[in-house]
């Protein structure tokens, strides 16, 4: 679960990391009021769950409340790489002396938390990491021992943090690691972490990603809430707890288990087709979940053919077949549907389709032949 | 022969009185696995289809000599259950539970490493040594005894590839689902090493997917340490970059996590990689007859 | 640092373990007022840092405030195995159904915390441990992972805690372990932990020992304070930070390093003498510490002969010799003093004594001869 | 030969710019120890009597190849310093600092065990291999090269016994002060095992004291695993039961912790135990000439 900048900042601030004073605004008028309350120059920042806001024009400096109103008017409603801006964060402009980068994330390969620090912060930290590898220092942490004072010292000295910012940066690193653990985060990142002209070390941005499996035990996240996607299918899928990602093809794909669904996408592409989506109804899919998944897929007008690829394990193929019939009865879809059922109760499942499904539903015996058939049908529809 | 699970496996099922726990414990037993005990705190003295229930793993081990634990308890309590098994004399723990908080697993994994024990999973389908024993939730009818080892991050994809192998008459020594979570107890490398040491495994199929760098690390390990041939498969060539794909793990982290990069890394170390399950089975057939 | 019962109880109560309502009293009148405020029957309990209060008559049940006054009058000022009672704890009497025992301590051999639980609690837990070993169950905890739910379950089921008390006892164990860690304790013990007639699990006693090296980082212990011993020498030693234990002989002993001092005691006993004390001036003793140590020893009238046994390492023998001269000059002691100096600057040290010390001070060359000489002199004084 | 500390030891001193750190680093160097570096955060570039100072142990190791660390930092920061050394490539850590909170050491000790590294102390006088190298605060003039190993929980008592040995012309291979705190990095057993494997140690003197059960455990270990003869000494026959005697560790825990019980446990396993330092030296002399 990705948090918006201001949500992440408030969580860091409540733990002791300094941030500039700021307020959220959902209308230009609120933005003007916020700017007036804060006083002086302010920055108007689009609140979206994606990077590259600055380049897209989603961050603007305002000299006064009226300018804040103007910028908010421009930014609210903006589409930044598929994300519609619904709120802006108005914060006091800072007198920046130096920009650093600091983060704590999960290193899957090492199976340890990884703390990264750079004295060269700012927007393009990935470019810094690539072009000046020595400028971004990394230190793995033993999660049972936790982040220690020597880790903080090692990081600030090796990153070459300015003398006057060493103490403040070490304190930020300790708090950042504490936030990582106490929020069940997968990532906490401050970019830029700023040394101000008057010698304070403050967070000008915050990117926080929370482990969805642990939100239940973090009451301070209760009012953060998950943000629904703008895309209608993605929104529907998320509301119903189905894993769905929209792609740009025309072969709708439904499978059980992420690996099998990814493999199905690949096989469709190898057969010359273009997948319209990734949809995983789950490793233990029941009839209900199949109905839900089909509703998501059938609501997408770009989908010309549906490929259903199920390998029954816990999932029983006869239940999937019943779910398909239920969904078709309810939704009355007429597009071609290719079904491949294998595994637990495969014979019963195939028999249900053969005997009771409408004529737009065909059964194929293998994943490969099912993909080929779906691609052939999609080309026929084009 | 086989790895991890065999005729000497004596299984205790944690969370046996839950719906899923009872169902799969019974199925595992029906397949031939020695399912000797279950654990549900407060329910000692009961039984599940003849399998005795105990209050703790320690009690189960003391009464039955269990050497392997399977964890079926809900995600909020699963880390505790795995730690309980690790604190007991049990040597191998297979955690099926999906949805365990990643920070819990970070702590459990780090602790597990200091115990010298083995953890498979969590969020995995388990382990089957076809014809001998199964621990987990895999549909047993898909597998047949043979001499090919299979290790996979994905459940249903494992079944698909086993099915393709079966169509060519190829069976498995052991099939291991390591799970797709950000932190799992055993990595590709851990399992590849065990297969390499197994005299009854002639070839290994490694089924990876996008995200992380485990497949790249495995490629290095195969080239440096292994004599058993490996055939690879990577799912996710068509996956959009940077989107999360069901498994929390399948997030592309830089270029190293793409399917193309993984395929390249494996091929650079002499591992043949198929682009579809069907092609993988063909490569296995070819390698076995060389 | 040992806490008094009520101090320990309040620390446990602040973490969520239930205790009976109670108040501290330092006079019988305060005891009467406390009993009146609490209402009903109360227990009047001597607050001393030693066990066996009940057997010594330091715990009495009072039916009403006047009885509380009477009991407090009897108990305050009582000498319980060398500890003078300076305060009593007045608490509501509890309706006890069952008595358990629970503790977390430090197992040196295993180098792990050890949690112990018994369904057979009450006064003589050591006897229970000896006579019914199965009745006291023990579980080691990995300090990096901490106390887990499965540990609590294992303990309550194996100890045979009554069904109705299981949940409450597990909660107490979690809190007890948390207290052990968050107080930097060496021991937290509840004996008895009580199941009341109305089904609550409450602590009727608390014994807490804090690691003196960690008190600085536990602000909640700031007003607990260390309790000074009643013995004048022990009090003086404690005030001055010298490790001193009074024994019942007449040969006063001063050495540097606990092991060497213990060895000196043994060698004096082997030579037929009786040590008057254990006094360790510290492995790195300086002249000042020697002066302090001598002041403690010389204030004890039972000491007939002084044996000073120093092996210089960090400690320099010439500094010890100077310290001895300073102390003698200041205190003017005339009792016989046997000095043995070895190690760093031994020649200089011996020369200082030989040349400048009064005639009651003799130098011996070895530890053995020094002990023999001291014993001989002590017998001469008898 | 010797154990733990020898001519290949390259020492980095943590807390070298403190009064004690500087004093003993210089003294260790003067004795012949290769004292190659010091660490004090923020003081990189300085030097202490020619010993270069670095900001971190990692930096010191990188620049000088240090393989052993000595910790002299104050007790509040000592656990962090030990962890820093354990996180670096250094293999052996000798912690002199007295007064480290016991819970800090519990965590450090448990972590240390998972690293496979060696920690001596804390609250110990260090290690000396007479004539070769010394790491710590022991008065070097007390020791002379020889073939007797000595391991002790006590500082000054170690010097006393070495002095008694010297009076009989007996020198030491290595003398190890393991420290008297409730949690120390290396136990009697750890050090006894190393001496037993050292071809240049003919006999070992073990100097214990009341409290705990380490000497009892050592007795079992000696009988079960060791071929090198051991002579024992226990201080504290006259200590009152249940009183704390300076070392936080020296608390009698039940009858097993008394000096008499320890002596009995050792003698039951064939270990000769002297009742005074002088007698111990005599027993060593006797054993060596048998």
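We just call them A, B, C and D in the order they show up, numbering each chain from 1.
Everything below uses one rule, namely that a residue touches a chain if its C-beta (ideal position, glycine included) is under 8 Å from a C-beta of that chain, and two chains touch if they have at least 3 such contacts.
Everything numeric in this text was worked out from a predicted model, so none of it was measured.
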Partner chains shared by chain B and chain C (touch criterion as defined above): A, D
Chain whose average C-alpha position is farthest from chain D's own: A
Comparison of A-D and A-B (more C-beta pairs in contact): A-B
Chain C-chain D separation of Cα centroids, rounded to whole Å: 28
Approximate Å spacing (C-alpha centroids) for the pair chain A, chain D: 54
Centroid spacing, where centroids are CA-atom means, of chain B and chain D in whole angstrom: 46
Contacts with two or more other chains, residues of chain C listed in rising order: 142, 144-145
Contacts with 2+ other chains: residues of chain B: 107, 111
Chain contact topology (line, ring, star, complete or other): complete
Sites on chain A touched by chain C in the complex: 144-145
Residue ranges of chain D in contact with chain C within the complex: 75-76, 98-104, 106-107, 109-111, 125, 137-139, 141-142, 152-160, 163, 180, 182-183, 207, 209-214, 217, 235-240, 243-250, 253, 259, 275-278
In the complex with chain A, residue positions of chain D that touch it: 41-42, 44, 55-59, 77, 80-81, 83-84, 87, 107, 111
Chain A - residues contacting chain D, complex: 142, 144-145, 148-151, 153-154, 157-158, 166
Chain A residues within the chain B interface of the complex: 106, 108-109, 111-113, 142-144, 181, 184, 186, 211-214, 216-217, 243, 245, 247, 255-263, 265-270, 275, 278, 280, 283, 311-314, 342-344, 366-368
